[in-house]
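In what comes next, chain A is part of two complexes: it sits with chain B in the first one and with chain C in the second one.
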Partner chain A sequence: MDKHGNKTVIGAGATFTGKITNARVIEVHGKVNADLTAEKVTIGEAGHFDGAIRADLVVVSGHYEGKMQAGSVWATATASISGKLHYETLQMDRGAALNCHIVYNWAAKNAVAAQTDKDDMDLPLPKPSDKAKNGVESTSPKEGA
Partner chain B sequence: MFGKNSVSPVAPPNHSQINEDVRIRGTITVSEPLVMAGQLDGEINADTLHIASTAIITGEVAAKSVTIDGRVLGSIVADKVFLSATAHFEGQLHCKGVAIGKGAYVDAKFTQEPAING
Partner chain C sequence: MSAKSYEQMASFHEDTTYILGDLIMEGALDGGDHPIVVDGQFNGDITATDVIIREQGKVTGTVKAKTAVINGHFNGNLICESLNVTATGIVEGEVQANALSIDLGAEVIGSISRVNAKSK
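And then the complex of A and B:
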């Protein structure tokens, strides 16, 4: 392992609960229940992340549940995501399981994000008009196998 | 956008590492080696723990073996503790064996447990 690489790793045998801020690059292979702010987040195949993520790039190969606000999201074939996903670019590999509310951030993303955030706090389902305006709603939990 | 991110999912590493710019509040429980170089406010439970020189830990540390190069304020419960020359430790230490390098700052209440079976 590149011990000196500028990278934080939560290994496969690790469990973390709490709050992580200022992490540049973080890899999660264990169980994390946390709020995280980072530049790049990788959730490994065995990784379990439960909590909010704010990051520029998120690569999900494991299990994610929570509210993610990311620039780019890459859900690989083994990913399973539930909760909420705010993204600007999204890549989803064949087999990825998304069972979540997916919102594309338009140019006025801050306003939209703030608005939908508020809505979703109160209501489990956003208004149909919001959906139509803000992005795509995906409710397909089926994994392509 | 995605092409340049050659972040193909890698095999899970068998150790954990918290970088120096990371700030953490909470609890980490690790059954494998952990290198801690960031700031932590909370608890660490680990097997083999290395607290790097950039680390600042406030709270409780429990591990089998701890090497400290950084700052720890709080309590340490461990079998073996090594405080290196750059270590700064204030608090309580409960261990079976301790080694303190020349130059380490230690201001601690120390209780030793007799080493029975290592």
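And then the complex of A and C:
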């Protein structure tokens, strides 16, 4: 029906505050303050996203702040990310600004399935032995959100 | 709104906000000076220059706009300069509009009045 398919877009200049559920592909060029579960999230250069994201793929070209849990994360040259980032694969372009906790988490997929309703984004992180291997013990203590 | 501007709006713009598919949004959405097209479900407040609720769109809450086109389902308070409810449109609630057109087949249930102060 639409040339751009079923992609939801928050246009430049638009501001949204609230909750987004049942999303598949979403593109943010405006300001969004929300918690979001989706398949693919794109934050455009002008976009600001504040809140939790769980997604298979997140492409960040704008500003992100919050707890992100994603299969693949691509931070482009104009990206600026703060908060917490759980990922399975991460690509970061030269110029991207990451100012956050970054946790490689291969258990993310199971965790997403198990926890979709849980507010707290913190993952049931892998067994201690795995943690030790990965050196990411420090993430849990301060879960301020 | 002229048919032409509707066509323009229907084509993709980065500035335009589209709520499409099965997604459900709850909260407050301000489109600024740009249009908002709803083809999904939205609960809450929408403010924008132009608001289009497409056939699959369902909005519950308050909508403030200059022009509003309802092809889908709206329930709540609607305040706009000009409103067009097309043949597939369903509007329930309180409508305030200065220019109003309701196509044959549309369902409008509720009260209709004029806007006193010019609202966005």
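Going forward, the second predicted complex is superposed on the first by the 101 of 145 C-alpha atoms of A that agree within 3 Å, B and C clash if a C-alpha of one lies under 4 Å from a C-alpha of the other, contacts with A are read in each partner's own complex, and residues count from 1 in each chain.
Heads up, the rule we're going with is that a residue touches a chain if its C-beta (ideal position, glycine included) is under 8 Å from a C-beta of that chain, and two chains touch if they have at least 3 such contacts.
Since we're looking at a predicted model, the values are computed, not measured.
Under the clash rule set out above, the superposition-derived model of chain A with chain B and chain C contains a clash between the two partners. Of the two partner chains placed by superposition, chain B and chain C are both touched by A:H29. Chain A is touched at more residues by one of its partners, and among chain B and chain C that partner is B. Once chain A of one complex is fitted onto chain A of the other, the partner contacts of A:S72 are limited to chain B, with no touch recorded for chain C.
In the superposition on chain A, contact of A:K19 is made with both chain B and chain C. With both structures placed on the common chain, the touch criterion links A:I10 to chain B and to chain C.
Once chain A of one complex is fitted onto chain A of the other, the partner contacts of A:Q91 are limited to chain B, with no touch recorded for chain C. Shared contact residues of chain A, touching chain B in one structure and chain C in the other: 3, 6-26, 29-30, 34, 44. Residue ranges of chain B in contact with chain A, taken from their complex: 1-2, 5, 7, 9-10, 12-19, 21-32, 34-35, 38, 42. Taken in their complex, chain A has these residues touching chain C: 2-26, 29-30, 34, 44. Against chain A, in their complex, chain C makes its touches with residues 10-36, 39-40, 44, 48.
Residues 1, 3, 6-27, 29-30, 34, 40, 42, 44-47, 57, 59, 61, 72, 74, 76, 78, 89, 91 of chain A are the ones that touch chain B when the two sit in their complex.
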